[in-house]
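Each of the next two complexes has chain A plus one other chain: chain B in the first, chain C in the second.
So, the complex of A and B:
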């Protein structure tokens, strides 16, 4: 059980701290916040050295000193008592920080223990503690603080105590959910299994994992405590013996700074509060970014425009529906080498043709498919190549023109349709949207019948049409997606593992449906799958991808009977063949390469059983074999020519 | 859990919380030492009759609470008393009659003083909330839509700054600015306005509302902007947005039909959680601008040590916040169809 953070060597802790600092530095806001807080800390610690006048010194103050504007003697002027505003401001930083830290400390102890106990022990503890937290969360904070402070002596100690005792609610909630999240981790379960006592587990195993979130929460609680103290002081419930920034504002506001035009007495303490709260907020954001990195990208961000080196204007082949020429796609990250996700992929598709797209996960299949409809995330870019659909070059169309082709011409069934349907709209409604968008002339009153018919096609009954996605099972959502993809009678369907989540019977039905549609309506399908059985049964041609490049491309018979690329051969070995039942199944050892760290030579070379020297240094070109459009990228093919 | 049960459950919890606040309010004002009605009675200069008269006037001659023999083994309090004649039950009974006691300062019934102020506060909070929610949504949507551009960085930066402003201080700054530019700086209406036609009176009120509402809007729009932006970015990176894009739905329609409602859900939660802060904001803004609302009632009650008013204002504020919170919760139930099964 050497897995806790406390048992790690000092070196490891130091390197962890270093890593933390490295990733923290990346968030500019966090660093700015940190510096802002350091400035205030210096001000507070060295107050006697920095402040030109003593704390609340009333020596040599006369009536003429009241509300003196800023001057060389008094940088920020004087206040209602003729005191130096800058000096009081410097000493005020001490009060604000004291209140902030101590009140936050109390809040964090209470909220942290409530959250830990509720999250770890669960059951009755959790119910009662969280109910209590909910109640305290709803009761307005400040009025309650005001009532309690008004009924007790407004000393700094009381103020800290009250703010601390009332400020723990959000911490309790945050810590509880974090505790719930970490309590089922393996090493904690193991510690429980070997009989470690519960307090031991909470303190030694769970607390270190909850600590980071507690720190972030602490930063926010400090800023709230500082704001609360200044508000209390302003209302007149501050400690009269201590001059906090809120107290300075209270005196100035209540004693005629406004009418004397003494803006400095009002502006300076207020800016101090803004400075410290803003600093803490930025710091909190920076820490949060380290804990839960957010990329801040989304699907509606403008995508990068496609580039193209070769100026091809026309499709090369006749009578094709869909033609992809030399398509290359890179992912461009800030400060990172571009990832070559897809490199130089070409294929064609005729009406009614079904192409299988095969390859392990992470071989660029999904990227390729998204690029066909220009749906790449904002970091992805088509850097070369053309996509022709019915003679139109999709890489040069505008978004508006593309929107006409999307779904009507080419539709997509996404992999894992779990989140592919909008959770707050009914399934029928989402299919209706596609019909209305692309067939504006379709009579409105017939749309529900059309939607029902589409759903029945995939085995979903009419009464489930107006259900929400969460009322569907996973398989039903997948089928609903297929129904939606068929809604506008597209010419091409791109289906990304559409049947993986389905049971065998439904799977067979769906495949039969697709097969019928292509025979009747000439529907062309690009079928991404791991299942070579389906490929053998349905597909006309196969594109095998590896590490973003075409490994092999040929008609289905050639792929099965005469595979040239070792990767294709290995894939086939991994698939049971009923005609040769005695053959041993083998899997390919290793994993596909990371697309931002590709090997120098052939991308498959590190795993290839037939690799020789040249494979590790030189990328193989795409070689044509025979005249059947059979293509393979392998040095062996060239050698055997 | 179906929807009606969820509603019932939430309502029951709101009622329970209100009862908790009522009990808390009673005991806070009896346990903590500051109430002058009792503190003053210890004044040695007072004669016995005067003390008794004061006690009768504020109901302090009655026992605080009776003891329940079965529930209270320690036997605190007087057990030989009719429960209905204890301070606690008189307080509860009076509450249900709408009687919040009599102000130490003005000698008027507290409920009468506060009921006129409640509406002023609702007017101010209502206007401020609506404006800050609308502006927060607009800037949040802009920020998410133009994520990682100058528009986004600008609106996020300004929102963080707004979020960090102490409410009362912004009020003071705007008051400073407003008084130099001819804005009314105090109260709800110009004195003597009541002889003017109604629409002119309303115009006058709106004119007086300008600075407090502006303060309110600035304070809250920062947070709403940040929430709306991050929630919309989250929704826009969901798979179903990609589906809609693949369907050929235009970006604007995706935003309108697929993203906004989903992104609103966290905003509704935050608005609900914020109601407490809303009141805190109102106390500060009303104090700065002397707006005759519940918040300035708290401010004045603290200033004048007028505890019945403070107690009444606290109850009224807490109950309003709890009810508004319930309303927001129920809105959430309505907005999110998934609540039905959860």
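So, the complex of A and C:
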């Protein structure tokens, strides 16, 4: 059966190569490495043209030619046999590269197939192959190579074979672990479900994702092989019929170059080896950066200096705990248009109040919440607006002053954090650590009691306190995160999508927990979610965001029973309502705007069923409706007033 | 062929070995992931399998797809026993039963173009060189709502939205003209605004292509309007099965009642008392005695600890396994 997909057009490969080159260019060291290797390649390929003298030419050599210092005739001097060092160096590049490439080829074939087979087929294959690999790995390569080469006839062919046959172990391990990782991905299961054969899966799905690793590994194996050959030659086990750089070193060393002060005979081949190994290592690193990029983690770095020091602006509303005024946040990146992630968002929060923040993925919910405590990643900048907490403007506080408020005044249950608990420490330990870190003055002897109390608050029993995170279910891990957030008795808790990956029953439990906590402790809660149903069950008021702006903001009853913004209305229609089963759902065609390329007018205009001309050219302002703090950003609202 | 026997599952079990409780202990612990499931599926019918995580839904899906080998029970397709076919014998069947996975971000190979992804099933099944290969791919893509197909063909998965990726997965399933689509939580990773588009698509396909759908989900709310029947699973068993209306409007099993009560209703005026069960689905290694739901059941009686309730027939289409229903 033929197994490859034949429609891999040349275009695809070409554009992939182009993209690859574009990103490779950015890694400075990789490009340097590449150029270093190209220099050696040119030397090797065009050796007869470059070298001023023939390979190992001993014609017309007299005793006076031995160890001649560098001169116009012999740029790098002559060696022990009176030969031109530069010419020998140029031809030596051929030997080094030959050994490197062929030995690496052997290693990669063996290591690659061992790794692939072990990783993909698992079971007995894996056990035996990996055990063999482990044994090979503990045997030190170089001494064994030395022994074998010493016992066989030292020809270049034998050297290549031995280096190749011994150098595959790391490749096997790396390829196996990458294969395992790829194999566990869902698209492999999907391919099996389609009925794809094993060879088909390996060729079309595993190999393309293992290949990058293999390329990086290949570069490293080449450099190792070159180094091994040089070592062998240097200790006199090289092929006497070819002159490699190691061989040159060996002769120079053994035949009195040092005592004759002929440093050039040692330095030139030595530098050649350093040059090629360094070049390959740099190239390998560069390739690794492009082919195997580590994902940019969401670093929680405090954002830069506060915008303005003047504390002239005052909160507009009295009796509010928390007030956000016209907050705008941009993500800036070198050479990229700034992403307007949040624009002009305002809201207020009273003690014990529960606000829902709703919107689609990427609409800026997390960004807004992180900005409240200035925890944005370094690219994120507050470009406008104020955040008042108990009358203080958080955007103009110093880092130390803000630390007093983080966790104690306002604490955050970060999105996805329940999956980021440290797997090797018990949950109790991790909560203890949180208490000690954020409440350093807390009496040490009372901490265990405090931890138990916190866990109890969220419904985790004392006997589960010393369990590890993997012994907890998703729901329990989320409870533990909430317990951590409660460590310093905050006034406000921000919960970023705390129920998103959980089952409906567990969701209901977490919601009940948050609701009880606010009643018991008088907490104000900001509940971030994309699920309108949950908000209706729980919240007092709702902020609906779309593409970084406030679409609508009102009390919960108004949002559900008298929504004014078309986005809110459409979102409600898309929500399945079991009180009216058998009703067809309506969806909102299209998808949210890219924040670095926003439409000129209303951000919802491309998807809005009610859009008219003005919407495409002019951004709607926030309009208030009636007098009970109901606002919406839509031209229609203005028109109807 | 009788439409009743399109797909017939009886007494299906899958027990995984979970290692030994102690180093030298003799008995191997077993995870009772699926523990006696039976139901039938008619042509172009939509059945929803509902239950919490850990109730065995996904294992059941893998069993039906032949990606796991059942411990006991039978699966019949069009009257033929397909329980223990090998890969070779299953090949033709794989064409007829296709699967859509939960996570559209993970179930597409990032190095393939959309065209390659949708074409792959044809290649695998030896239709790589049929003259209408391209038309088939285009039709599948357009039926899955990727219109016009040309716009998407040369793109890579990361250039599509979540809803569009799920459409690609569905297109790759449609290209083989299957008779059953098994969808395992196909919308739970998607935003609400695009969930409806995927559900509507599946609802359309059953009409335009007479495809039967097995829709696996933890959220009864998301299938409310388009499933014909619902089967509620708890700890490896079906505890209630009936038509959508029977189950939604007249749930009989205490677990079903609780599940329905916690479905969020998007209207604060309809906030109601919810039956929030304590704890979580127990570990399927130590299945509780008697009725397996008794430790969490809010209305359990004494006898629930000892006797395993039988399936009680409530109407021609409605059955439930609870001792309170035994007359």
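The criterion applied here is as follows: the second predicted complex is superposed on the first by the 501 of 641 C-alpha atoms of A that agree within 3 Å, B and C clash if a C-alpha of one lies under 4 Å from a C-alpha of the other, contacts with A are read in each partner's own complex, and residues count from 1 in each chain.
The working rule: a residue touches a chain if its C-beta (ideal position, glycine included) is under 8 Å from a C-beta of that chain, and two chains touch if they have at least 3 such contacts.
Since the model is a prediction, treat every value here as computed from it, not as a measurement.
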Review point. In the superposed arrangement, does A:403 touch chain B (first), chain C (second), both or neither?
Key: first
Check your understanding: After lining up the shared chain so the two structures overlap, which partner does A:204 touch, if you call chain B first and chain C second: first, second, both or neither?
Key -> second
Practice item. Identify the partner contact of A:440: answer first if only chain B is touched, second if only chain C is, both if each is, neither if none is. Key: neither
Review point. Touch check for A:626: first (chain B), second (chain C), both, or neither?
Key: neither
Check your understanding: Which partner does A:282 contact after superposing on A: first (chain B), second (chain C), both, neither?
Key -> first
Exercise for review: Please work out whether A:195 is in contact with chain B alone, chain C alone, both, or neither, and reply first, second, both or neither.
Suggested key: second
**Study point:** Which of chain B and chain C A:123 touches, first, second, both or neither
**Key:** neither
Review point. Taking the two structures together, which residues of chain A meet both chain B and chain C?
Key: none
Exercise for review: Please give the residue numbers of chain A that touch chain B in the complex, ascending.
Suggested key: 134-135, 137-144, 146-148, 150-153, 223, 227, 230-231, 234-237, 246, 249, 253, 258, 263, 266-267, 270, 273-274, 277-278, 281-282, 285, 294, 296-301, 373, 375, 399-400, 402-408, 411-412, 414, 416, 418-425, 433-434, 437-438, 468, 470-471, 481, 484
**Study point:** Touch list for chain B against partner chain A, complex
**Key:** 13, 16-17, 20-21, 24-25, 28-29, 32-35, 144-145, 147-148, 160-161, 163-169, 172-173, 175-176, 179, 230, 233, 236-251, 254-255, 257-258, 261-262, 273, 275-277, 279-280, 283-284, 287-288, 298-299, 302-303, 305, 307, 310-311, 313-314, 317-318, 321-322, 325, 335-338, 341
Review point. For chain C, which residues are in contact with chain A within the complex?
Key: 52-53, 65, 67, 87, 90-91, 94-95, 98-99, 101-103, 106-113, 115-116, 119-121, 123-126, 128, 154, 161-164, 169, 172, 176, 191-197, 199-200, 203, 218-225, 244-245, 248, 258-260, 262-271, 274, 276-277, 280
Review point. Considering the complex alone, what residue numbers of chain A touch chain C?
Key: 1-3, 5-8, 11-12, 185-187, 189-197, 200, 204-205, 208-209, 360-361, 473-476, 503-509, 512, 530-534, 536-537, 556-557, 560-561, 570-572, 574-579, 581-589, 591
